[in-house]
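Order of writing sets the chain letters: A, B, C, D and E. Residues in each chain are counted from 1.
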Amino acid sequence: MAEAPKTNNPHAHNRFQTIRIPDPAPRPVKIEARDVSVIYGSKEAVHGISIDIPAQAVTAFIGPSGCGKSTFLRCFNRMNDTIPGCRVLGEIMMDGEDLNDHSLDVVLLRARVGMVFQKPNPFPKSIYENICYGPRIHGLAHKKADLDVIVERSLVRAGLWNEVKDRLHEPGTGLSGGQQQRLCIARAIAVEPEVILMDEPCSALDPIATATVEGLIKELRENYTIIIVTHSMSQAQRVSDRTAYFHLGDLIEEGPTSSIFNDPQEPRTRDYISGVFG
Amino acid sequence: MAEAPKTNNPHAHNRFQTIRIPDPAPRPVKIEARDVSVIYGSKEAVHGISIDIPAQAVTAFIGPSGCGKSTFLRCFNRMNDTIPGCRVLGEIMMDGEDLNDHSLDVVLLRARVGMVFQKPNPFPKSIYENICYGPRIHGLAHKKADLDVIVERSLVRAGLWNEVKDRLHEPGTGLSGGQQQRLCIARAIAVEPEVILMDEPCSALDPIATATVEGLIKELRENYTIIIVTHSMSQAQRVSDRTAYFHLGDLIEEGPTSSIFNDPQEPRTRDYISGVFG
Amino acid sequence: QSRDTIQIAGSSTVLPFASVVAEEFGNAYPEFNTPVVGSGGSSGGLRQFCQGVGENTIDIANASRRIRQKEVDACNEAGVDSIVEIKIGYDGIVFASDISTGHFQLTPAQLYQALAAEVPVDGKLAANPYTNWNQIDAALPDQEITLVIPGTNHGTREVFEEKVVLPGCESFEAIEALGDAAEEKCLALRQDGRVIEVAGDYTETLGRLDAQPNAVGVFGLSFYDQNRDRLQVATIDGVEPSMETIATGEYPVSRPLYFYIKGQHMDAIPGLADYALFFVSEDISGDGSPLSDMGLIPLSADERDAQIDKIENKTNVEL
Amino acid sequence: MATTTTDALPAMPQSKSNRELVASKLGKRHRSETMFKSMGLGAILIGISLVGILFGSILYKGIPAFWQATLHLNLTFDPEIIDIDPRPTQQPGQSAADFHDELLSWQRALRRAKWDSLIQAAIAKDVPAAGAPDMRRTAFGLVASNERVKLWEMVEKDPGIIGQTVPVALVASENVDVWLKGNIDRDLPQRFQQLSEEQQKWSDELYKDGVIRMDFASSLFTNVDSRSSGATAGLLGAIVGSVMMMLIVMVVAVPVGVMAAIYLEEFAPKNRVTDLIEVNINNLAAVPSIVFGLLGAAVFINFFGLPLSAPLVGGLVLSLMTLPTVIIASRAALRAVPPSIRQAALGIGASPTQAMFHHTLPLAVPGMLTGAIIGVAQALGETAPLLLIGMNAFVASVPSTPLDQSSALPVQIYLWQGNENRNFFESRTSAAILVLLGVMITLNAFAIFMRHRFERRW
Amino acid sequence: MISLAIILIVLSFVYTWGASASRRIAAKTGQRLHSRPPYYGLYLVLWCAIPAVIVFIAYTLLFPQFQAAIIDSYLPQAVLNDPAELSSQTRQIENILNGVSVIGTPEPYQLEAVRTLRSFEWIGRLALLALAAVAAFAGTLVARRRISPHFRARNRIETAIEMVLIVCSGIAILTTVGIVLSVLGEAVRFFTYVSPVDFFFGTTWNPRFSTTGSSGQGEFGLLPLLWGTMMITIIAMCVAVPVGLLAAVYLSEYAGPKFRFFAKPLLEILAGIPTIVYGIFAAFTVGPFLSEFGSMVGLSINATSAFTAGIVMGIMIIPFVSSLSDDIISQVPQAMRDGSYGLGATQSETIRKVILPAALPGIVGAFLLAVSRAIGETMIVVLAAGNSPVLTANPFDAVSTVTVTIVNQLTGDTDFASPQSLVAFALGLTLFVITLCLNVVAIYIVRKYREQYE
């Protein structure tokens, strides 16, 4: 969709200078974003953001509403392609490949970068079918036995197996909100992605379900690179290793979660965290 | 709509015992709610809540999503009447009149109890017409001169006059979000209500607009009784005199804002305020 | 204020004739409106006719058959007790085929053999074996049998059955032997798709012939006349249908056409009697008149006088 | 805080082979994607080309009928042939009724004049052979017989014309038109032809000399239907009838439909009765139109005693038929108005009725209008129910009130397609269809325009 | 015209009176009015108009009985005792009254009755006028008395408006009742001639001409007609469903806004074309083409056949299917699509495996609605199906349908009181019941499906 120069973003001039606090012990980088801008029609929603996403860790995006967190997140699996009139400029490298490259196959990319949405969105099919869907379309498994293994493994990892193992063939829409969200996570895991993007995954859930999902995120961190958008400061503190604070399309500050929350460098970050905004 | 016994709510038995902390200096009470339950079809969303709303003060309703804040708020101007299948039981007295009384004219009630909604919803008419509408239908003014006065006064009070005085006849939908919300407040003020209900009035606004609206609420407190629902703990702290914490349809704790936030009595209140939930 | 336009409805066979008369009537009498001629079939026309008297009922019903006793009863029931029956002429019914195919010289017996479900074969009734015309008679063209006849909702069908099928049928000894059951047998049509019943108008029959050029169709004389460039007519018993042969009765298949006037309206609706007289006048429906140009076979002078008489005396119909 | 995952996690290697597995199937998946997409596109193209074929075939058949053979004659109003007294004038002392009678009888005499001889004489100016006394009918046969009306109307308007020679344009008879346009096989033997040999020869000659020209068939729009001379048959009566019915549908179905929609969408409590009404309306939208014909005949004509073949009855029947369409479209339009507008009004203290009429309705109007226009357009094209309420009638006049007898465009088309003079009426019918489609498309385009014009919310 | 003007003037006067009176009372008592003055004005108008209208309706209902009573009073006892004679004489008198002549010379007492009736006619009219005026005046006065600051005029007006709205939505029900009543009576009469068993289960449709042959009525088996209807419907759906559904999918999922802008109205043109045009298109263009084509490939296809009619009807229904499916497909929440894309599904996989299955019940409902339209279609079939009511499995043969038969039997030449033409009403009723069932099922399915995402 984006007909932009690939390595260079002409919009990236004169940007806000992000404050970056490195991790005490450096981690391997999974994704590097460089000067990423996103433009809806004629309105720029994200202004030339650069950030490194560490592998096998949870990165939280926080910031007031409308600051472009979701928009930026969607750049990592090219979901912005599905929005008419949306263009992404700049460069996002994952394992040395530019995700914004026109020739990149988004199908393959999305198999590698899974996504979990704000509102749980199971397909109106059985739980089993929900999980099989990804492996089936990607041709990862065809035989019933293989699929059974994948379904069980994914549900176990999503911490849902015990709750649903006796009703795998009932509709996924019949589960409770928290269960649905975990089902969506299981569905994402089933295709064995490398990265999982989560856009406010708990905002539609009640406190108990939220706690379960947070626990799950912490466990998944072992194997996956996770980026989570959240409105809840406490959630960011609880689950993330690094936090990035966005403000009106700019990345203001990013660093280890503890240092962002305990010792923010920018006045706006401080204000947001202490509750003056939002 | 509600075919309920008026003074007695049969659902009100065996309720949660609300913790009530009185104000240091007692204020006059504007509205007294007694054992108010709200039932959607067969599901009870609010379980027999009793609360006193002080006059000329801001009362904040806080609590996790879905706990019934909005539902309860709508009882004060009978907006629940417009939801099919919704029944309100119990008794809500305002200046000695039962608002749930069948013979009460809701139109008059709503002129006395104004409402501002979560999403700014100006009419697709000019700014001037937006404000005039209320006074016109209530017959408060007929002559252009009178209306002009009302429009100016309301806009001034809502802190919008300077920004829009040159374009009163341009569409109200052309304003920015924060301006629209203030327009809606001005529209509510124009009929000179006694009470203003606000349901998350700032959740669709950016931080700057939020600050303006919050300033406005603080000013309006001088003349109006205000009830505000908010998700933002910090906003509740900033604008309200008293705070009520709701949880799954129950009113857990209510008292002066400072004491609720600094010294919550109930573990659930504490957890919510310190960010374990939500 | 009473209605000042004559309202007519009924048979679609009479419709073209009545329409032309209506138009000419409007042209000839500056003081009267052009009557409105509805179609809806003889049945529909008489149904409306017998709904009662008054402004919202029609004045004249065209019919391609005589009114029936049951209908007269229904009329009387509804207060229509003066019904004047006017015969306007005869309609010839012809058999025609596509111009590009063979020429047919038919007899009723052959037609019967072509379309009946069972026909006498060697003196006994048997399922119709004929699939080709020249199997019936070697003189007929070597052509597959397909007959397009009017559906049972058409008055033409009745005439067709009475004047062609039954006589053709009864000319066989095997049938005569059946006695009372004969008629039933005669009128049973073959069901193998070679006989096509058309419930629509002649245009549809023509459409069938376009699609199946082998077919022989039943038409009104006037319709055939207008489409001579596409159709050729078959002779019956060696007589070619024409104005003259039908008028003399030489050509056997024809039927009288009628219209019925509501006597009670004749004083109330201006021009009603004038219209009726205009219709039966020599200038309009006689020899060389517009109607005869269109294929209506004129009445004889005596018959014409009788009709005029009926109009003038409002003679009630007698069945 | 505790998670529910109690089991030990099975190993889940992020195998490279998995990626390759996915990659290996990509080609096939993208091919099937392309296939599916082109099937969709194909379906649309099929649909659009069907529209094209339909219009193409109608245009192909119908366009020629907009030009019609017309004789341009220098006609002498020969007083000897017309042979009529001067037009009576009201004498002093003569009563109005007497004068009226006198005038009528003059008019009657005028109509009985030998107009065919007049035309014969005019034709003979160019083709002398046509002047022979025994050729009167043959010569007159070249002209549509109703064209003589034109002549006496000229005289009636201006009796002074008698004795003068005036150029007149007379529509040729349908068979001449067919002959000249080549719509009949000219090589057919004479016994299969409609025109006599003389007529064929004369029309060719007249055409060559420019006396017969192919003129725009204005008679199609200015004349009423005709049976006796098909060439002058026009659509005026049908058009007026259809317009009247459309107006009635607009006046009856649109307000009633809108009000019903308002009630059901905004006021009705959700209970059995409104459910019943709702099911009912949806059902009525699908009830065969012919059944509405049965209803119209029974209720409006038999029960209420309204006149037959009247646009009023047709309009009412079509209104009932259109009503569900209007209701459904209006409800959709109302539903599309954001509830926040309604709440805003209610929150200020507007009563539900006020909120409705002041805010919701104005916003829904464009959508309602679109639905209404589409409903009206549908009604305009409906034929079947009209057949059962006597509108399939031959009506040779233009209705002046909705209670007059009248035809309607689709019914006129139905009647013409059944006309026995196929050679002429096949294209005439297509021309009528074109007129109907023209009206229809204009209406629909107007609806689309309205949709775009007013959808812009401010 | 003039009377309309007078009524308007009176009403506007009443309105002004009400409005100003309310203002005056408010000023006098110093209280705020419950409603704004115009509502009080309208309230008076209602109270002025409604009683007058009631009087008028009562008069129109009662006058004929009054007239009958007068006529009876003039008729001799002998006539009164004979019901048949009574009704015929009554009608005669009415005919004389209406200026329609009667046969024979009217009896003097009849003329007497007519004279009395004539005089009563205008006396009655005067009385009506007076009564209506009194009622209106009284109503206005009563209403005027009620005006007080606490009087809730607005609520009354709104109730009145709601009444009007209710009446309007009631018309839909009235229409249905009207349909049933207008066909039921004749249908029942038909069943006195032909047993319902023979009608509903008979396999031969051969009503015969009403009088040819004294023996038998002919056979009225519904099944061949139903079968024809079904066959055409099936063929139509075979054309419309794939094309319509694929077009809907393409339009809602693939097409860019520009393409959509042009393609959608173009397709919708198909829906706006009158069916008579389709009929003629089928009969004169498609039919001959198909039969030519058939003979080229060695198939014998009738020019007018179930096939021709079905195909053209299918074309007609395409936009119906496509726009309904389009609606339903776009009702599938975006979240479903996001979920699928997020897993790496291609667009067609998403459509085929997620969107269509999710929308399936709704689409089936839409198809049922399309089916009922196909069943009820008349003109295409009249012109193109060939009207041959035989049970045949060959779609290239001519068939007949219920709708066509209704037209044919009602506009034929048969005796109008005979089963041959009464059968049309039985057929109409059957058709109505069939589409009713289909619709109820369709609505049920569509509704159920709507709840699914809620």
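By our rule, a residue touches a chain if its C-beta (ideal position, glycine included) is under 8 Å from a C-beta of that chain, and two chains touch if they have at least 3 such contacts.
Computed from a predicted model, the values in this text were never measured in an experiment.
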item: Neighbouring chains shared between chain B and chain C, ordered by label; value: D, E
item: Best-connected chain pair, where connection means C-beta pairs in contact; value: D-E
item: Most centrally placed chain, judged by C-alpha centres; value: E
item: Inter-chain centre distance, chain B versus chain E - centres from mean C-alpha coordinates, in Å; value: 48
item: Chain centre separation (chain A, chain D; CA means) in Å; value: 60
item: Whole-Å separation of chain centres (CA-atom averages), chain D against chain E; value: 21
item: Separation of mean Cα positions, chain E and chain C [Å, integer]; value: 35
item: Chain A, residues touching no fewer than two other chains; value: 107-108, 111, 137-138
item: Per-residue overlap in chain C, given as positions that touch at least 2 other chains; value: 39-40, 54-55, 200
item: Multi-partner residues of chain D (each touching 2 or more other chains); value: 22, 29-30, 351-352, 387, 392, 417
item: Pairs of chains found to touch, sorted by chain label; value: A-B, A-D, A-E, B-D, B-E, C-D, C-E, D-E
item: Chain B partner contacts - residues on chain D that touch it in the complex; value: 269-270, 338, 340-352, 354, 358-359, 363, 457-458
item: Chain E residues within the chain C interface of the complex; value: 88, 91, 95, 98-103, 206-213, 215-216, 218, 283-284, 287-288, 291, 302-304, 382-383, 386-390, 392, 397-398, 400, 404-405, 408-418, 420-421
item: Parts of chain D lying in touch with chain E, wherever the complex brings them together; value: 22, 29-30, 32-33, 35-37, 39-44, 46-48, 50-51, 54, 57-58, 61, 255-257, 259-260, 262-264, 267-268, 276-284, 286-292, 294-295, 297-299, 320, 323-324, 327, 351-353, 374, 377-378, 380-384, 387-388, 392, 410, 413-414, 417, 426, 429-430, 433, 436-437, 440-441, 443-444, 448
item: Touching residues on chain C, where the partner in the complex is chain D; value: 3, 5, 7, 9, 15-16, 18-20, 22-24, 26-31, 33-34, 36-40, 48, 51, 54-56, 58, 99, 200-203, 206, 222-223, 226-230, 232, 290
item: Of all residues in chain D, those that touch chain A in their complex; value: 1-7, 9-10, 12, 14-15, 18-19, 21-26, 29-30
